[in-house]
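Notes to accompany the following structure.
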Amino acid sequence: MFLPNKIIEEKLLKMLAEDVGQGDVSTALVVPEGSTAEAMIVAKNSGVAAGIEEAKILLESLGVKVKALVADGDNVENGQTLLKAFGDARTILAAERTLLNLLSRMSGIATMTRRLDEKLQKARLKVRVACTRKTAPGLSYFDKKAVLVGGGETHRLHLDDMILIKDNHFAFAGDVEKTVRKARSAASFSKKIEVEVSTVEDALSAARAGADIVMFDNFSPEQIRKACTLIKKKRLYGKTLLEASGGITEDNILEFASTGVNIVSLGEITNSVKALDVCLDVKNPHKK
Amino acid sequence: MFLPNKIIEEKLLKMLAEDVGQGDVSTALVVPEGSTAEAMIVAKNSGVAAGIEEAKILLESLGVKVKALVADGDNVENGQTLLKAFGDARTILAAERTLLNLLSRMSGIATMTRRLDEKLQKARLKVRVACTRKTAPGLSYFDKKAVLVGGGETHRLHLDDMILIKDNHFAFAGDVEKTVRKARSAASFSKKIEVEVSTVEDALSAARAGADIVMFDNFSPEQIRKACTLIKKKRLYGKTLLEASGGITEDNILEFASTGVNIVSLGEITNSVKALDVCLDVKNPHKK
Amino acid sequence: MFLPNKIIEEKLLKMLAEDVGQGDVSTALVVPEGSTAEAMIVAKNSGVAAGIEEAKILLESLGVKVKALVADGDNVENGQTLLKAFGDARTILAAERTLLNLLSRMSGIATMTRRLDEKLQKARLKVRVACTRKTAPGLSYFDKKAVLVGGGETHRLHLDDMILIKDNHFAFAGDVEKTVRKARSAASFSKKIEVEVSTVEDALSAARAGADIVMFDNFSPEQIRKACTLIKKKRLYGKTLLEASGGITEDNILEFASTGVNIVSLGEITNSVKALDVCLDVKNPHKK
Amino acid sequence: MFLPNKIIEEKLLKMLAEDVGQGDVSTALVVPEGSTAEAMIVAKNSGVAAGIEEAKILLESLGVKVKALVADGDNVENGQTLLKAFGDARTILAAERTLLNLLSRMSGIATMTRRLDEKLQKARLKVRVACTRKTAPGLSYFDKKAVLVGGGETHRLHLDDMILIKDNHFAFAGDVEKTVRKARSAASFSKKIEVEVSTVEDALSAARAGADIVMFDNFSPEQIRKACTLIKKKRLYGKTLLEASGGITEDNILEFASTGVNIVSLGEITNSVKALDVCLDVKNPHKK
Amino acid sequence: MFLPNKIIEEKLLKMLAEDVGQGDVSTALVVPEGSTAEAMIVAKNSGVAAGIEEAKILLESLGVKVKALVADGDNVENGQTLLKAFGDARTILAAERTLLNLLSRMSGIATMTRRLDEKLQKARLKVRVACTRKTAPGLSYFDKKAVLVGGGETHRLHLDDMILIKDNHFAFAGDVEKTVRKARSAASFSKKIEVEVSTVEDALSAARAGADIVMFDNFSPEQIRKACTLIKKKRLYGKTLLEASGGITEDNILEFASTGVNIVSLGEITNSVKALDVCLDVKNPHKK
Amino acid sequence: MFLPNKIIEEKLLKMLAEDVGQGDVSTALVVPEGSTAEAMIVAKNSGVAAGIEEAKILLESLGVKVKALVADGDNVENGQTLLKAFGDARTILAAERTLLNLLSRMSGIATMTRRLDEKLQKARLKVRVACTRKTAPGLSYFDKKAVLVGGGETHRLHLDDMILIKDNHFAFAGDVEKTVRKARSAASFSKKIEVEVSTVEDALSAARAGADIVMFDNFSPEQIRKACTLIKKKRLYGKTLLEASGGITEDNILEFASTGVNIVSLGEITNSVKALDVCLDVKNPHKK
């Protein structure tokens, strides 16, 4: 999931343009033209840094010099400086909120992802924590990137990169096994096929029909465990990856993760983000 | 904060375009061209509906018929249908996630705003709950709109619509009173001036210099109460609005709101949103 | 009203793209690839320079070196060089007309604004000359910026930054006093409220109801003077700013400005611009 | 110069989006959701209507019904209604200023063009009044369209549609005759070649070398007359069109137009527009 | 690969906007405003129709009524009418070239794809014909869609939807087996992994390491056959899909396709398109 | 046909953005962040290089250093290196396909154009080879530029730069001579008028009426020769340029070109491009 900086820059400049509107009227009044400043972006809480790369790209595209003191994925402490910048003071102040909004959201996502991932690792479970497509509209790239930074799994990036047959599709498709076989034969060889199921039987049918991944949607941990046992019996375990989704929280994630699935996915990672508090402090203001 | 539908439509289509990428490969495989369906958008939790108007605009722009069963701002229960749609099944399914992401975010924002606002109303405090510019980048319009729907106060919409002089500005500006007077004389008559202060003295200076609003940044409730008392003594109370910001949470909001301020503002309303769970169920699938 | 250069650059490049179309066919034929040149942008009339900053941003974004010889807001004489540039000759020639069109429009606006403002200053009137939203469509930022450069007042930047209740609103709203009170209680605390009135009574009602600004729309100077006297009597003078608008010209501006109002506004400043004549002369052409 | 409505619509919606910003806060407060209204767009001065087609396209794209009472190019009187609209009141009011700004600019351009054109017609001169590329940046299509509506000649639409070799090109190209011959042989057969000259000799050289048009730049009427005589002598008259440009005003246009040239061009038509005053009046407001 | 019509419409309108530039000057001169016409889009050669859906979307978005007489994927004969349209004559004529350019390119792609696919089917080979990412820049969606219409396989839609490790990656990665294993463990579970190899050994290593697809790049048919035999021996056949790429033409495709591979891919399908000749004929012109 | 680099850059970045989607997932997995590489773009076939300038602009805008070893228009051999690049390895690999797609298309166009042009030159015919507007949608600038690089004639760049009256126009216009005269008097003086004819009589009428160019559409060489003879008789030869179009191929081009026409035009040059095979090889990979 690598984008050339220039492509990211264009996305970031659109965000900035929205926030500045017709211009920063406060800074224009109070900060003389040509003033320079240092700016420190500081964490006001502990967590996992994400968005550092993006902050750098935005600031540099604005002509501001940047020195990142932490890298994306680093654990940071309350009070730790993440990034130093130096340049035109008005520009820095006009970009401050856009920068912080992105950093605090991405770091919030990475922090929660890391916390969940570590929980599984401590329990010695080889299970991946995945986000879903429940991202903030328009922010999919940044939300997914933050999940990656936190050690999570990005799942589908958008509607074109894996086939995922869900309950609303089955309303049209009918029988699980036939549907999956048909999809397999018609789909591009380059795509995996995941099938969302709501019963143990359908899980078996999907696996039998060659689904690459079976997703247990809103199953209890107990039901998933049962399904996994059956799939093992049928010698389909390992051929088909298994994903648990729906109703998983930080509290119950271990119960779901210990059922035999390979992936647990949570919409909350990206749609119920708790922002990491970060602020920007101006130092050494220098009027022209 | 009224935007013509067509302008909103363009914003929504960009969100959709991001999510569909080169196309919905799942729906293309499983749902025959020309199929139609009904779709019900259903709340899976109780809260305040927001984004209904936007969902309607997006669906209608895609040629889907829509009947909203609730209005923005309505309280909704778990299981309640918010909106019915009818039209091309592939189109509905390709737009499903974008719709739900927007609805769940906006409703989440409105729900928290309403809860905070009701807390203040029950305590018979005439204090407004405001969000800040800590919105998701690129989603400022939708986040602010959701706050409005929830009964909150939108604060600055972007950097051009009020003058807000903050600590980083004072690094350049020096003395509070002089800075405010200078800003007042140089600023457009059409703009209010708000001053963020960090001491009681600065609060008084700002009020004296004619600030329209004084924001107590990261004060304790006790400090704010003291400042309010002083401002009353100086007969500036009422001329200058007072805002508390920083460190305010759902738990302590009453302590802050009862200090004498007119506005309490929280970044969390928009940067730490808990999404309202909503889903889309297909009914009456009809293959062509 | 400060925009980061990069944001301005994007606006300017769109203007250039419109003018070059599929390419400058003349320059491609006559000027050899790789040629360089100096270019002098020269005023062919006297006036106030504006757009210098924008010209610099556009040229630099195209890889052309620029030295501004005057600053925005400087008075310039016929024949005076405003800016020197050096770089790729084809690029300079392809951008020439876009540059000059912007400079001549912005300078024309600044020139008229300055002339009006000086008229008031000479008459020792503390009244501000304001433009309106009657800008060229799509050029609002540049038109308003030019007004600012000329010493004028920008008024509302767009529809979201002040509440301005006009005659067409009253068609729905009814009674002035009630409408203003209702707006005051429902509006964001961050916004001022201006009310356009067409009778002296309505002016008083609006002021009484707490309008931040009252605009006399198409009043005669005599009527405005009368209204001001009444407002003073009611001790509302100073609490509410007063604006005269409609029918004001360079000839009669002093009559309007001496009535007691704080602001006089003219649509003509931005919708009936007389361009300042500027040209670009190539020097030291150097073929590769 | 025909653009499909949909293409024009996109240009117009961008203008509107700029003006509404994050939304019309006044209308949202004062006009209840779902209200409808009639709106009359009325001329407050006499002149030539232009932009009627564009106003219709914008309003219809917003879902507003429109009946144009005049056509582009019609002479209109002070007080005459140009267009009636009916639809959502908030939408009409949010679009009002964008509509009027476009109509008043385009009508202003058409009015001046018509006035100049009629002057020439009354003098029985078969000379065309042309605008130049001195349009408002970004508004080239609309400015040129308005010239056309006023009976004028659009000249080059942008840098790709005719070859026009100017003084700054000659800085590289040297000898006029050789340059023109070279351009003729290298240029696309689909393009005309116009040559801007500053001496009578160069005019002759250019005509001799096969220039399709020769432009006398900043010549006095006397000098142009002399040049025309010479060109006739050389039997080049008629083969090469002749254009006078520079220093032409409404006052002296007949002097220039009677010299023998085919075209007189004035930058002022598009860069020093006097807007035609138009307003929008709401009738029959209907609250939902 | 389903896109909502509205998303396709926006892509098509951009194409049209490029071609019309500042407007269709010919049609404006010759066809009176308000004229209507029927238009028939007719094939001037036999082939496979593609782009019919897109043509319909574009015309309908312009307000033109459309009746498609063939569907995407239908075989069409020289002289056969593909589509009838009725509406504003100027609009139809201004859109004619954009429509035909898209139809002729897409139909050309579909035609070649079908021809290749039928060749394999006649030879009773269960091998899929795939295109590559060698599409016309900016036209990826349309080129891939046309391949699909012709019965081909779309391969990767862009850089984010499958992992494809190529020679230039191995310059960094070293050993094939290790690289593939590492990629497998680090990659998203939702993505397949394809490995481009240049030796038989590497093919085996890649298959052994769990590559989902192995691509023989620029192998001779003989070498591929050998590799397939070895892979069968190792019992990896069927687990890993095999693709032949490089040097495949219409003439030799059967040699490559009969080696045991599952997919043959050709850049030529999309980068060396022979357009299907189509034209638009106006019927029943009706002047207003 | 000169565009400032920055304008071209924006077009190229849009192409790249389409291809990278949410990011290059392969490169991200296999190439460590911060790695650098040299890249050689090498021809795998002989032909005429085109797109070199564009490749340079794209790579440089991405921060990659470039040294072009050939210039646009150079003949290149199989195996010849066209361009060397050095920079961030991930960036180079993510841009590889976009670069090669553009280069191979543009070079393919230039190669065919040159081949046709040389054919005419060898036959000592002073006839120009022209492309048409049958370009790939959205790629008009690049297709036309490639034709120019190959020595061809670009014809109309879009619908606004010459008047070309075609059969579909005559459906409205009626009589050829009258139509042309009317167009001549109504059209901008800056535009040439070309008339497409289908009979010898119409060719004469058009020439007589002052058409700048007459296009023989789908005539046989014999018919064209006859028409040319007649036009010479009427002493219109030379005044009106003559173009042959329709049915012209590489095989029969000399027959058409020797009829007396000035231009032969072929849609195939741009709509049936045979890509020139080019590849990108990474050298000196350097992991950070």
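Going by the order they are written in, the chains are A, B, C, D, E and F; count residues from 1 in each one.
Please note the rule applied: a contact is a pair of C-beta atoms (placed from the backbone, for glycine too) under 8 Å apart; a residue touches a chain by one contact, two chains touch by 3 or more.
Just so it is clear, the model here is predicted, and its values are computed rather than measured.
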item	value
Common touching chains of subunit F and subunit D	A, B, C, E
Interface composition of copies subunit D and subunit E: same or different, split at half	different
Rounded Å distance between subunit C and subunit F, as computed from the means of their C-alpha atoms	44
Subunit E and subunit F: spacing of chain centres that average the CA atoms, whole Å	22
Where subunit A and subunit E are represented by their mean Cα positions, the distance between them in whole Å	32
Touching two or more other chains - residue numbers and ranges from subunit F	1, 20-25, 27, 94, 140, 157-158, 160-162, 188, 191
Chain contact graph, described as a line, ring, star, complete graph or other shape	complete
Residues of subunit E that touch subunit A when the two form their complex	1, 128, 130, 153-158, 160-162, 188-192, 194, 213, 241, 243, 262-263
Subunit F-touching residues of subunit C, taken from the complex the two chains share	13, 16-17, 20-25, 27-28, 61-63, 90-91, 94-95
Residue numbers on subunit C that touch subunit A, as the complex places them	1-7, 10, 140-141, 144-145, 157-158, 160-161
Subunit F to subunit B touching residues, read off their complex	21-22
Residue numbers on subunit E that touch subunit F, as the complex places them	14-15, 18-27, 29-32, 35, 37, 89, 93-94, 96-98, 100-102, 104-105, 108, 133-140, 142, 157-169, 171-173, 179, 182-183, 186-188, 191, 267-268, 271-275, 280-283, 285, 287
